[in-house]
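Some structures to go through are shown next.
Paired with chain B in one complex and with chain C in the other, chain A is shared by the two complexes that follow.
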Partner chain A sequence: MLNTLPEALSIIFTLEGLLVLVLGTFLGIVLGALPGIGSTVAVAMVMPFTLTMGQAPAILLLLAIYAGSVYGGSVSAILINTPGTPQSAATCFDGFPMAQRGEAGLALGWATVASIIGGVVSAIVLILAAPTLAAFALNFGPIETFALVLLGLTCIVSVSEGSMLKGLIAGTIGLFLAVVGGDPITGEARFTFGQFQLLAGFDLLAVVIGVFAITEVLMRVSGPLDSSNRLTDFKGVVLPRFRDWSGRVKVLVKSVLIGNGIGILPGTGAATAAFISYAEAKRSSPNRAAFGRGEPDGIIASEAANNAVTGGALVPTMALGIPGDAVTAVMLATLTLHGITPGVRLMSDNPVLMGAIFTGFLLINLILLPLGMAVGKIAAPILRLPEAFMLVGIVLLSTVGVYFVRGNPFDLLVMVTAGIFGFILRRQGYPMAPLVIGMVLGPTLEISLRQGLILTNGSFGAFYAGHPIALVLGMITIVMLALPAVNRMRARQGADS
Partner chain B sequence: MFERFKTTSCLAAIVCAGMASSAAAQEFPQQPVNLVVPFNAGGGTDLLIRGFAPAFAEALGGNVYVSNMAGGSGTVAAGSLAEEDPDGYRLGYWSMTVATVQPQIKDVPYDKDSWTPICSIAASPMILFTNAGSPFKTIDDAVEAVKDEPGRYLFGSSGPGAMTHLAAVAAFEGLGVLKDVRHLPFQGSGPALQAMAAGTIQFYADTEILMNSGDFRPLVVFAPERLESYPEVPTAAEAGIEPPLAELDLWGGLFAPHDLDPKIRDQLSEACGKAVASDEFQAFAERTATVLNYRDAESFDVFFRKQYDDNKVLIEAAGL
Partner chain C sequence: MGSLTRGGPIVAILLLAAISGLILSTFGAAFADLGDAFSPIFFPRIILTVLLALSVLNVVAELRASSAPRTFLWRPVIVLVIGLPIYVLAVDVVGFFLASVPMGAAMLLSLGIRRPTAFLGMPIAAAGTIVILFNHLLVMPLPASPFTWWF
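Up next is the complex of A and B:
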């Protein structure tokens, strides 16, 4: 790969190549920041324009949009408590409280640096070890995936602020919402009540935008509205000082590893990675007590992980020609349209092109820094608008974004209903994070469990036997669930003696 | 004064009405024509229609744009279009499964009589394949192994009722061993191909372009004749699969809601034929390994209705 580097660089360092990188990343950040337009939609929107471009610029444009949009989702999550993409939902938990405290610029600074480090590390891993890691990922069958997702579900426990019971109820509601629609194994309709629109299930994005953006707007409208009030005080991105990082490096490293690892595995995605990483940070960070009230570690955990997924998802895509998610599927389709057969021979047959793609991907992650600062400069005056305007703007953008994804008016009904429902739940003190986690993990949990049962001929007993990876993950799950109880007991004993 | 106003407005109305009717008769596309893709942007179907749209626009002499309406294996878009007025400005691209299988296995608001078929565009042969390293060199080896150890081998699919599922069912049912293999559905072709590479499943059926993405060995192809690219692989009929199972065909075509004005229908159908024959679209199809198969409105209507009934056998065999 290294011996093709000069040739690869000569592809990137042309006017077209650089223009594609800069404009693509910038556009990606803006699209990602718009509520509703997630990475998949952003990449699919741009794809038709790549048909007239050369091979390398076409793929680089899509990669730039991809990486940019994952970062862009954090901008709206922090500034207006509306995740631009589902994978930035976990960034809201600490990002928005920081913004409310008047530290919006610094919150975005943490998100920017964490995103870049996550993206750069994942790019380096992709360049150095893609074939090896892709081969390892093949060990992850349905049973291993089930064990991993089950472990992910335990993070409901750690993100349930206030009442544990209410958190678990919200999580169960989320899991139930994921059950509505066609059965993934038999195809039968479930809980559709004769409404054929429900056959497709609830759209994740419509529900996420509903319970975050619409619920937030309702919460604010129900309080006293002051026309001179601002939603957040934001003047531009403020990068964290070097010494502020002390005590946070461990969270960063762990989050990057979690994001990258989950990205490489089939069947999961950036939203799962961000939630698991956030939950792990909340469990183990030295600053865990402040989580949920504007703790930078929460932002770092979520943003480092979701950007580390990007390079991870490209590992099976580039090494095996098998798409890791919907975004990489669009990329493979684009390769095909440019006359390149994606597959196991992709890297060996096209070394120069792959070299250009990998180097370009690294560069994209580096130019996120200046471009992120630039987007901050542009967003600042918009955020100085009175709160009432902002709230109307959020509703408008959410509506357009949600409609755009599937072109289905029914999704708007889902968004508004989820918003009202979320408002009622939040008024009663139910946290929204577990609901979204349940809905994100639910479909994977179900299909992997049922696939596993087909493989073991319906035997739950045979599930973990003969699957060492699943067994280890299962044991970690039990420890994660038991730890809080054990700690509490120890604390009580300590107090007694 | 009032009289004169009445006369002029009468005259104006007559003139306007005359202009409107002549305009409708002469130049049909007075506004852009919308092609609805029932799946997400970026997928195989979406690509095909985005490649087709410019050629179709040129042949039609008007503007054409593509929109996506995903969900419910394509039934959300089809159900929504079925209820619209047949004005010819909104056409859906339905595959064989959306048009003939889904309405017979799900409670959707459309059926055989909901459409004015316009034209068929593509028909990609489905291939049943296994891993290149597998001990099964031919379809006979596979059938023998399955018979020796019933219940041991699995075939995957991209989802229940999907073409990948039906093709594998057609093959194993046609060879009389469907009860001896197990079905493992995935969500999309990506995870299923990954499971093939990992050896979790032994058989999978998809189009040639997907099969070429990995190290796989074709066993049987659903086509009337052997493929040029794989002359040694037998067709379904040669492998001993009988019709109608052997005639499985992943076709797709344009549909308008039923009762479309026959004049507009023929105009659209003709433009579709020109577009399919255009150099531009032919080159596109070659790049994407798509097999084109144009049928005009009348023959597509007959074909579609026969398929709708023939596929009942397949649906029953798949247990859907």
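Up next is the complex of A and C:
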């Protein structure tokens, strides 16, 4: 690929190429920051405009929107506790508490740097190892996916602040909410109670925005408002100092690896990666005690992983023609519309084009820094408004965000109901993060379990017997579940002695 | 008996009742009998059984727990709990702008904002900006009013 680099660079470093990279990334950040739009809608919105473009600028524009929107989701997650995209939901856990204590700029700084590193590493992995990784991803069948999702569910244990029992209940409620609607295998309606709107199930983003944004608004108005408004001091993104990274590099490296690894697996997605990475960081970080109360490691884990997914998801898309998630499915359609056939021969048949795409993707992740800082500057004056105004703004933006997902007013009712339900539960100490994790992972868990049981003639024991990858993932799951109890026992023994 | 006057046990008992009802509903419903993994109710029954077991433990834990009373401002919560469902239903009928302005004004009044320029001006400015951005710049139209397509 290196011998095609000069030609690839000559495609990027044209006025059209550079405009596409800069404007696409900026638009992606803005669209990602608006709750509800999300990466898939943002990419789909822009796709028709690419039809008049050449092959390379068209794909680069979509990649810029994709990478920009994944990062942009963290802006609203940190500043107003409303994840712009589901993949930023885990960023709320520590980003918003940092903003509440007057460190919004620094929280955005951690998110920006982690996003850039996650994205850049994923771009390098894409360039160097796409065909090899794509071949490995083919080893993941339903049983391996089930084992991976089960591992993802262990993060319910780590995000259950206060009461483990209440966290498990919230997580299981999330799993139940995910089964409402048409059965994925037979298509029969489940728990719809005659409501045809429920046939398509609860919209994930409506529930996520309900339990995060609307619940937060209700929680804030139920107590005295903070007249000091800690966001008043927010003047834009503040990059962390070099020495602040001490002890955090391990979390960053692990999160990037998790994001890349999960990204290459078709059908898992950035939200799963962010939650698994967050759980792993909470388990292994030296600052784990501060997780959930504004710990930068939590932001690094979530943002590095969800941005690392972007390059990873492109691996099966480009090298096998299998989309890694919904966004790459839209990109696959765009490649086909432009006369490019994704698959194992893509790189050998189009070396210059692929060189331009891969190099452009690397540049997109690098320009996230100045563009992210520019968006922070634009957002700053809005955040100096009094808290009562901010709460009204959150309600209006949440409504807009949920409406745009499917244009269905029923989703707005789901959002409000989820918000009120979340408020009642949160007042009694039930954490909301496990509910969202359950809902995100529920559909994949169900379909992989049922497909696996069909493959093994109903024998759950055979899941791990003939599947070494599933066995390793199963063992990691057991370790992740047992560790908190072991740590507690050790702490108790230490206290006794 | 005192524990029942707190919110925790009441919420735990209501959750248990709702989950029990959902489990019972799976036995009354008619689904195609295709065997375990093929059955549409196979996975939900596993989830609901786990949830039922956890809820029973939760009721016991809540009845044995004690908690300190916390500050609770009823007025703004009631305004939102009643106002939000009405608002989201009104969005589809009178359009985003005309539904958002009264909702925003009611919220601000319940939060103690009394200056008309503030409790009316802010919702008009916020809803107006959103309408201009989405309807006219991004061309992603929000529900419009029956009177004009402008808002």
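Everything below uses one rule, namely that the second predicted complex is superposed on the first by the 480 of 497 C-alpha atoms of A that agree within 3 Å, B and C clash if a C-alpha of one lies under 4 Å from a C-alpha of the other, contacts with A are read in each partner's own complex, and residues count from 1 in each chain.
Definition applied: a contact is a pair of C-beta atoms (placed from the backbone, for glycine too) under 8 Å apart; a residue touches a chain by one contact, two chains touch by 3 or more.
Owing to the predicted nature of the structure, the values given are computational and were not obtained by experimental measurement.
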Fit or clash between chain C and chain B when superposed on chain A: fit
Partner chain(s) touched by A:Met47 [first = chain B, second = chain C, both, neither]: first
First (chain B), second (chain C), both or neither touched by A:Lys166: second
Which of chain B and chain C A:Leu138 touches, first, second, both or neither: first
Chain B versus chain C as contact partner of A:Leu453, first or second or both or neither: second
After the two structures are overlaid on chain A, angle v-u-w for chain B, chain A, chain C in degrees (C-alpha centres, nearest 10): 80
Partner chain(s) touched by A:Thr14 [first = chain B, second = chain C, both, neither]: neither
Partner chain(s) touched by A:Asp183 [first = chain B, second = chain C, both, neither]: both
Partner chain(s) touched by A:Thr341 [first = chain B, second = chain C, both, neither]: first
Chain B and chain C, minimum CA distance [Å, superposed model]: 9
Chain A positions touched by chain B in one structure and by chain C in the second: 45, 183, 185-186, 451, 454
Touch list for chain A against partner chain B, complex: 40-41, 43-45, 47-48, 51, 137-139, 141-142, 181-187, 189, 194, 196-197, 199-201, 203, 266-267, 316, 320-324, 326, 329-330, 332-333, 336-337, 339, 341-344, 406-408, 410, 443, 447, 451, 454-455, 457
Touch list for chain C against partner chain A, complex: 7-8, 11-12, 15, 22, 25, 31-32, 34-38, 40-44, 47-48, 50-51, 54-55, 57-58, 61, 70-73, 76-77, 80-81, 84-85, 87-89, 91-92, 96, 100, 103-104, 107-108, 110-113, 122-123, 126-127, 130, 134, 138, 140, 142-143
Complex interface listing, chain A residues touching chain C: 45, 163, 165-166, 168-169, 172-173, 175-176, 179, 183, 185-186, 188, 190-191, 214, 217-218, 221-225, 388-389, 391-393, 395-397, 399-400, 403-404, 409, 412-413, 415-417, 419-420, 423-425, 427-429, 446, 449-451, 453-454, 458
Chain B - residues contacting chain A, complex: 40-44, 46-47, 50-51, 67-73, 75-76, 79-80, 105-109, 151, 154, 159-161, 182-188, 190-191, 193-195, 197-198, 200, 209, 212-215, 287-288, 320
